[in-house]
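You will see chain A twice below: alongside chain B first, and alongside chain C after that.
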Partner chain A sequence: MIFTLLILSSAIMAVLMVGTGQVRSNIIFYSFQTLLIALTTCVFAYVENEHKHYILALVIFIVKTMGLSLFLLWLTKRIGTARDTGTFLPHPLAMHLSVLLLIFAQILSCQLPHLSKLEDFSAGGTAGISLILTGILFMLTRRLAISQVLGFLTMENGIFLFALTQASGMPLFVEMGIFLDVFVAVMISGLLIFRIKHSFEHIDVTLLTSLKD
Partner chain B sequence: MSLETIFWSAFLLPLLGALCAGLFSRSSLSGICAIVSSWMSLILLTYVLLPFLQSDKTVLFFSSLIVCSKLSAAFLLLTVLVVATALTQSYLFFQNEFKDGKLHQQKHICWFYSFSLLFLLAMMSVFVSENLGTLWISVEATSLLSAGLVYFSRTNHAIEATWKYLIICSVGIAFALLGTIFIFASSQYGAVEGGSLSFAILEAKSALLQPLLLKLGFIFCLVGYGTKSGVFPLHSWLPDAHSEAPAPASAMLSASLLNCALFAIFKVLKITNLSSCGISCDRACLWAGVITVLAASFFLIKQHGLKRLWAYSSIENVGLMMVAIGLGSAPIFFLQALNHSIVKVSLFCTAGNIIQICGTKELSHISGLLKISPLNAALLLLGGLAVTGTPPFGTFISEWMLLSLSVERHFAVVAVIILVSLTIAFIAIIYHIGRMLIGNVRIEKTNITSIKYSAIPLLLIIVSVALCFVIRPELLGEIK
Partner chain C sequence: MVSYIVYSIMILILPLLLMGFLQKIKAKLQNRIGAPLLQPFFNVLKLWNKTQILSEDASFLFRFGILLNFCIATYLILSVPWLNFSPMIMGLDLFLLVYLLAAARFFNILSALDTGSPFGAFSGSREAALSFLVEPSLVLCLLAPGLLINSNVMSEMFAFKTAVNSDNPAVWIFASLGLFITALVELSRMPVDDPNTHLELTMVHEAMIIEASGRNLALCEYSYALKLTLFFGLSVQCFLHAVSAFLPSNEWLTLFFSVIGMFFLAAVLAMLETVLVKLKWTKCPDFIAYALTMGMFACIVALRGRT
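Moving on, here comes the complex of A and B:
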């Protein structure tokens, strides 16, 4: 029961993230979401008695919950953007849509085959798919470059959760490589966001349309 | 020294070169360092891999994660060759930019060389990965490292192109990661205890993999790596990145990066071969390729930028390679990649020279090239003919083999669609080139480049002609 609760609350954090336009709150919701995923990984390690997952949980906590969140908060402060006004969907409507996506994710995950030994973690499939879909929705409904990065990170969280619960986690060195790539990707996008702010005086990616066929 | 040591040093050289190139503050020193390390790496790899390519062995085993098949050996050599020639050209290219007053910061160029070599290292590791996970990590690393090359000129356009490139490719590649997980999960249903990501194991146990998960995995990998290789309709980042990067970087992106992503698709497709969904996966690749070729040829008609033109021509060639992958023919896949890469490096380098001479990359502003610079005009024409598959260039042979194979496999419709697309592409490219070559000289100040700037494109065109006469199907039969 506790697993289901932990796993689903990470998906709910993503739903709440879609619901607010404050960039700071978005990042804080992301941070909570990764914290819950780190806890899930810990519980998973305990149940499966696999030590490598403790390491993973620690790395998630240090890199994502602390490192990336603090970096993004610092970036928001330096750039001085507080709100994302959103694109075609108002935030409350997008939040309701993401709740529907959660239900849709449940239907999808029921279609997938499950390994019997991981019965407790079947909610992981739902939460994973829901996080991926919510991440995509977040990227589509936001204007700011920093929100695009958050959407991508949410997607990546979903993929990690899915791998953990549906395939008992990838080999450790692969997971570490993925973390490194994601970490570097966020750092590079961060630097790029600085340049975008410097050159265009805004970070609204919907206005970056000068390159066309 | 053992072969293994030499092989590892071929990987170590770009890394060392990147470190040195980044540390130097003078661009010429940094450039020489980059050129020397990339050519040295090519020499070492040729020493190790050429005897292997001629031997009866099927794989070279280096460690449990690093294995080199004949196809990867061939691609490895091609990639290092492309990067080494592009870097050599970039040395001359940047010299000219300095002379023209377009560049002021030496350090930016040093970073360019450093990133190029790291990018090369990431691409090399794509080809020797024996594991779906490390393959994904390497492909993602190629995007991250090449973003620095697209960003090079630091103009608003370059920043926009880099942003689009980074976000679109990262999201695309995230789908490929999901696909990787599906395939990993599919191996846990009786095929391998605890699951496996190793290509050798997955290929051998293909028939035992859970079919639904495998199919999902393949689809996500196709979408993910397809985004990276510019398959229509996921190609939107490609023309922007290619046109905003400096010409030698565009050459590297087009002639080596796209091959990496296609190689990843090829490897994933091989896993599905023996399973129940193998045929439908082949078909998905085949039709994705056909649609890409057709769409790219229409896009070629209304292009306004010189480098965008070659970018769309790359998309067209990616489509052709996808068709070869879908037909399950590794030799034709490699042959098409080889011919396309050689010609595309030449074309992008020539495009760089022409843009330096005319001061613009807009097709409508370039005219009278035959009068301004006959050598570059001739190279542009020859390159244009070569890339559209006209004899006597190597591309003709590979496209011919592809068409005859598709007819042989009873895909006459595919052959017809490709033939129509190739014709449209030929007309479009020759029309654009014709408009650039003839007409009045409209530019006032010209920065005429000497013959040394065109030496590399010229050599590559000659290589392309030579390939037409050298390549025989039997020679390639062994590449798997």
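Moving on, here comes the complex of A and C:
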């Protein structure tokens, strides 16, 4: 029961993240989402009685909930972007669309075979697929490079949740490797955003296709 | 018999007391002493004894609209289960509630337009825009508990006895949150409208009643307080259903929690109004979309629980 509640509220946090154009609130919603995923991992470790997942939960909390969120907050402050104007879909409509995607994810996850020992196996699949789809939607409807990073991170969370709940997680070293990759990717993209801002004076990805002398 | 007396006392006292409490908390948070807790009662009494001044261009519609608004608010406060025990008029349909609110708003807008002042005109158009944005979320938030028990009668939906509607807390939490955001918009409180200022740019509700004076204004203020009680009460009831597994089944204790919850919501609103700034008018739909999303979540969880 509490597992289902936690895992679905992380998907709900992702949906709520789509609804606002304020980059700061987006990052705060992302931070809550990862906090809920860390708690889910804790509960999962308790249910499955596997100690490596406690370490995993701690690493998620330190790297994603605190580290990446604070880094991105610092980055937005540094480059002085407050608001994402969005591309082709207004933010409220994108949020309602991602609610529909959540229903779609629920339908999809009901078709999945029972692999996990968990009672309510479909909630994990629902949250995982929904996070992946919401991340894609977030990347599609946003204009700023920093929002693209956030969408990518949301997708990564979805893949992690899906692997955790459907296949009882991957080996600890693989997970750690992924975390390191994500960490480095965000750092490098932060650096790139810095450079883009420096040379183009904006971080609007829709305008990057046009050539500049 | 005792419950009827308690209910009547609640209806008479609670709305204006909530308004006074809201003002007081807000004043305290802003480092002011603030008006006394009973100021809304004094205000209504004072306005009741004042002479009313009507615009020369106003027809019968102006007073009729205000009176009808008050009548609908009174009917709703008697029939909607905003407290934990059953209301005096049973069997209110949830769609009737939505339509009655819409009718009240319609006549409110008409009476604002009737005096021919430009303030009435722009506030009317703003109120109409807000109301059609917020109506779907109100319907969805009320529909979700109805989906749980296959009924659209309010008093059955909010009955505490049935086990079906209390074993699904997520529905009630989403409905509660959605109703609270809806209440902020319906009552034109802070993020969409600043009730304190009388500035042309910011007014929605205040500009609608700007032509009212004397008894008309007293009726306007009282029906506003009734609506505030109604929405806060519904939101608190939803929340109490969510945590009803942990509540003792004593009726009077639940009543106590309901009243405390409403005062708590008023305090939350006072805090929000101290901290938040008014949204830009074009950003209001972004905020209202969250209420609709909460309603959608509530309905999804309710449907998921049924299958």
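Just so it is clear, the second predicted complex is superposed on the first by the 208 of 213 C-alpha atoms of A that agree within 3 Å, B and C clash if a C-alpha of one lies under 4 Å from a C-alpha of the other, contacts with A are read in each partner's own complex, and residues count from 1 in each chain.
Definition applied: a residue touches a chain if its C-beta (ideal position, glycine included) is under 8 Å from a C-beta of that chain, and two chains touch if they have at least 3 such contacts.
Fair warning: this is a prediction, and the values are worked out from it, not measured in the lab.
With chain A as the common reference, chain B sits beside chain C without any clash.
The larger set of touched chain A residues comes from B, when the choice is between chain B and chain C.
By the touch criterion stated above, A:F200 is placed in contact with chain B alone, chain C being left untouched. Once the two complexes are overlaid on the shared chain, A:L102 sits against chain C while remaining clear of chain B. Of the two partner chains placed around the shared chain by superposition, chain C is the only one that A:H91 touches, whereas chain B remains out of contact. Looking at the shared chain after the overlay, A:P113 reaches chain B, while chain C stays out of its contact range. In the overlay built on the shared chain, the residue A:I188 is in contact with chain B alone; chain C does not reach it.
After overlaying the two complexes on the shared chain, residue contacts for A:T165 are found with neither chain B nor chain C. By the touch criterion stated above, A:Q148 is placed in contact with chain B alone, chain C being left untouched.
In the superposed model, A:T81 lies in contact with neither chain B nor chain C. Residue contacts after overlaying the shared chain place A:S69 against neither chain B nor chain C.
The gap separating chain B from chain C in the superposed three-chain model is 25 Å, by closest C-alpha atoms.
In the complex of the two chains, the chain B residues touching chain A come out as 131, 133-134, 136-137, 140-141, 144, 147, 151, 154, 156-157, 159-164, 166-167, 170-171, 174, 177-178, 180-181, 184-185, 188-189, 194-195, 197, 210, 212-213, 239-240, 243-244, 299, 302-304, 308. Against chain A, the residues of chain C that register as touching in their complex are 170, 285-286, 288-290, 292-293, 296-297, 300, 304. Residue ranges on chain A touching chain B, taken from their complex, read 112-113, 115, 132, 136, 139, 145, 148, 152, 155-156, 159, 162-163, 166-168, 170-171, 173-174, 177-178, 180-181, 184-185, 188-189, 192, 195-196, 199-200, 205, 208, 210-211, 213.
Residues 5, 8, 12, 15-16, 19-21, 91-92, 95-96, 99, 102-103, 106 of chain A touch chain C in their complex.
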